[in-house]
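Working notes, beginning with the structure itself.
Per-chain numbering from 1; labels A, B, C and D assigned in written order.
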Amino acid sequence: MNYSPTEMMTIAAARALSDNDVCFVGIGTPSAACNLARLTHAPRIVLIYESGTLETKPNVLPLSIGDGELSETALTTVSVPEMFRYWLQGGRITTGFLGGAQIDRFANLNTTVVGPYAKPNVRLPGGGGAPEIATSCGRIFIVMAQSKRSFVDKLDFVTSLGFGKGGDDRAKHGVNTQGPTKVFTDLCVLEPDPKSKELMVASLHPGVAREQVVDATGWPIKFAAKVGETPLPTAKELQVLRELYARTEAAHGEAA
Amino acid sequence: MATFVSLAEAVEANVKDGDKVAMEGFTHLIPFAAGHEVIRQQRKHLTLVRMTPDLIYDQLIGMGAADKLMFSWVGNPGVGSLHRFRDAYEKGWPRPIEIEEHSHAAMANAYEAGAAGLPFATFRGYRGAELKRVNPNIKEIVCPFTAEKLAAVPAMKLDCAIVHAQRADRAGNVMFEGIVGVQKEAVLSAKRSIVTVEEIVDDFGERSPNAVILPGWTLSAVVKVPGGAHPSYAHGYYKRDNAFYKAWDAIARDRDSFRAWIDEHVLGKGPDAFAAHARKAA
Amino acid sequence: MATFVSLAEAVEANVKDGDKVAMEGFTHLIPFAAGHEVIRQQRKHLTLVRMTPDLIYDQLIGMGAADKLMFSWVGNPGVGSLHRFRDAYEKGWPRPIEIEEHSHAAMANAYEAGAAGLPFATFRGYRGAELKRVNPNIKEIVCPFTAEKLAAVPAMKLDCAIVHAQRADRAGNVMFEGIVGVQKEAVLSAKRSIVTVEEIVDDFGERSPNAVILPGWTLSAVVKVPGGAHPSYAHGYYKRDNAFYKAWDAIARDRDSFRAWIDEHVLGKGPDAFAAHARKAA
Amino acid sequence: MNYSPTEMMTIAAARALSDNDVCFVGIGTPSAACNLARLTHAPRIVLIYESGTLETKPNVLPLSIGDGELSETALTTVSVPEMFRYWLQGGRITTGFLGGAQIDRFANLNTTVVGPYAKPNVRLPGGGGAPEIATSCGRIFIVMAQSKRSFVDKLDFVTSLGFGKGGDDRAKHGVNTQGPTKVFTDLCVLEPDPKSKELMVASLHPGVAREQVVDATGWPIKFAAKVGETPLPTAKELQVLRELYARTEAAHGEAA
């Protein structure tokens, strides 16, 4: 069955989730991955969106973090201050999702600016929930397409902490959550080296050569001692994901 | 004490040049009609505050209403950049705009502290994040019991908060349902407030004993503006006009098409135009 | 993740000798049935936490379950003293009890901070009040922006929170209605929690989108105990038994009449006895 | 018409309230006074109880601060942390009510202990909401029966601040609300001297002699230059108050 690299990325992320997860979900691919997991192997996964919606089960993917669909299908909806205080800072989230315009080898992320902060070449949206998601969730999954423009040697700005300068630098910032344990791209899955915390290729998506990953990374990327191959998307996974997107497309086309 | 007035009167009385104003609504219940009235009344030098500056602030900034933007995520959700904001910030058109940037957690906590009458908010935040290097309003405090270092930001103090809600009753009490965001905290952080509502009812009738309601005596003005959150949405009334959010990208990308849109849809219209979007779910 | 168990099993698994335990409920929804089970299981050396130690703690203290009481107002509301507490505190019967005393604002803020995962709570409190002289857990912090001095207390950290609610669904989610007090915060401040409920429903059905609900995965045990809040009350179910609150004054004034009451109504009975008080409002 | 000193005290307190007041109401006489005002001359008065009930309109007086009647008749009910943070500390209350076991000449109150704190002769209920009510409300009304045991030269414990040591001592504690502007007793109404802040008799209830007040006060009580007479209870006031108590009595006698 044919599939796109983005579908592979989404499916790989979905598979890493289980019924035991309480996810802080972002818009876009994370939202697709979390709902794919919920609609396939993890029906009891708890999805929380920062708009205050607890245990939401959207039938279509939200375009914004606060679409009506999220509240209508939620167990309940709390205020945004409560969401950030009791639920995120309270340490109740097992897995947070992040992405960004730029990532470095220690999985720090930039979604703030390209160029200098005071006079940027491109002003990006900024951190939103990311600075505290990055440190408060039990672990972080990062989902982003891989290219030399996005996988950079040095970030223009550190919007949210990954492993800082590597090693135990994360702990030095007073952070004792795990941080980014997996990075899902359209080419491969990366995981931090247990000691140095530098991202290494853990598995290549089917048909992807090492050189493609090297060429799409702005630093000399390392490979794990034993690099696996990401299992192919199943027909079921592709079907559920595509139906989800089709429903979403139909719903978002509608004017109010 | 809330008074029932026209939208023009509400903005006239409660939004002044140079004010620090928040038009809040976390995707949901964004007070677009009121924002348009602020544009029509040509307010200037505003400090605009919003966690997620949305199309509403793109429109205000594109019309030169703001000197400063305080925010935590600036973009068209799920679509892309706010072109009018970027044009102002990167190129100074139609006038330069200053920014004060925070994280969502910082903004949410600042609103909470503002509502609570505290001078600052504290939270476990910004660890390893560079924003605290460039924003002098992010400081550190030390827990007097554990010596843990935490982040601190000033509590929100607004001149005026503007929000939209589903219903008001005849006493001017206002009820919010669905994604309630930081609206209550924004109003309670402000000296003055305007609430636009879908409808005014004799009383709220059967409801949860814990319904999210702001008493009329905490509000300055209540205005009935059906459809007033469009293209945002009102839970139980009408849906988010996602198609318009997508269309905005092209409208706002170009200065001329933006001005043409404003001329036609804001300057050439009044709050009644929003009624076309009003609808009540069965 | 909430498991549905018997009350005996819930207390056995979640309340240990020496634990710091809060049985909360601000007049409303006080978990009396669970408190009686703790007495039957003869827990000792507890630190009991409650804003308003009520009859439930008079009973526990009178049976010698507690080494310490943390509170902000100790009495039988509208009636008078808690005689068993005073006997323990003033005369050491049946064993001495230590106190840690706060104001309501301090306790409420401590619960809020506990739920928020912070190490301390800050508030504008205790100004000119002498409690800060005698309680070393009241400290001062200084706002890093305004230099205003504020009070600080440690965040609540509980071993176990015990609360009562109206309804749970089959997934173990629990819904509270009416005076919700600090119950949610108590549960979120605790390592373990027990919730007794009036009934278990297939699902909550039509409800406010902002209903006060604790997800099942935040709870340890959910137990159906109809009437389990008596002589406190359950909004929408049964009323407060004010007559019993008044009658308690005479029962508790005397050590022997207290023990006789406990023998008959607690040691000689089980949670099923509360069913006699259960009732659902039309 | 006959009336009791307690009725006079309650009615005098009720009269001092208006439709512009947002009251933080305590149980007992304050609750009776506030609801009497609401049922007579101040129908729009806003009553808030610390249990979280906003704009409540009880038909019977609550026995406890959290009776079901309060929530059932409220505009809405918020959590107790929200009540103390957004509503009390937020500065939204115009008038708070307090009472106590002991009061001193500067309207400081004791509801904590008789005797030393660590080894009290009588352990009283403690402060509850009082320490922050005393400082956060725009002004404080104190309602308590007058006797040498309760109006004392020196408090055993300062539970809540009145005017501290008098003069501008309240401000020295960082408190800029007005404090106790009126004390209603069963004998008279007291008000603080504008400068020294010592309580002085402002008006005597009908039939009360100065000597009675002197005899019921544990310090040499001062009288204002012009001491008024509290107007007699009207038939309407007494009727409404007595009906309120009768309804309350009937309701509280009921078992669940």
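One rule holds in what follows: a contact is a pair of C-beta atoms (placed from the backbone, for glycine too) under 8 Å apart; a residue touches a chain by one contact, two chains touch by 3 or more.
Computed from a prediction, not measured in an experiment: that's the story for all the values here.
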Exercise. With chain centres defined as C-alpha means, what is the inter-centre distance between subunit B and subunit D in Å?
Worked result: 40
Exercise. Hey, how far is the Cα centre of subunit A from the one of subunit D, in Å?
Worked result: 57
Seminar exercise, completed: Taking each chain's mean CA coordinate, subunit A and subunit B are separated, in whole Å, by 28
Seminar exercise, completed: Listed in rising order, subunit C residues that touch 2 or more other chains are 112, 116-118, 123-124, 148, 178, 180, 184-185, 209-212, 235
Problem set entry | Residue numbers of subunit D (touch at least two other chains) | 71-72, 77, 85, 89
For this session: Could you tell me which shape the graph of touching chains takes: line, ring, star, complete or other?
Result: other
Seminar exercise, completed: Chain pairs satisfying touch are A-B, A-C, B-C, B-D, C-D
Exercise. What residues of subunit A sit close enough to touch subunit C in their complex?
Worked result: 22, 46, 54-55, 71-72, 74-78, 85-86, 89-92
Seminar exercise, completed: Per the touch rule, the subunit D residues reaching subunit C in their complex are 27-28, 50-53, 62-68, 70-72, 77, 79-81, 83-85, 88-89, 108, 112, 117-118, 120, 123, 125-132, 134-136, 157-161, 164, 169-170, 173-175, 251-256
Seminar exercise, completed: In their shared complex, subunit D is touched by residues of subunit B numbered 112, 115-118, 173, 184-185, 188, 209-213, 215, 217-218
Problem set entry | Residues of subunit C defined as touching subunit D within the complex | 26-28, 51-52, 71-75, 77-79, 81, 85-86, 89-90, 101, 103-105, 108-109, 111-112, 123-131, 134, 148-149, 178-182, 184-185, 230-231, 233, 235, 238-246, 277, 279
Exercise. Residues of subunit C touching subunit B in their complex?
Worked result: 116-120, 122-124, 137, 139-141, 143-146, 148, 150, 152, 154, 176-178, 180, 207-212, 235
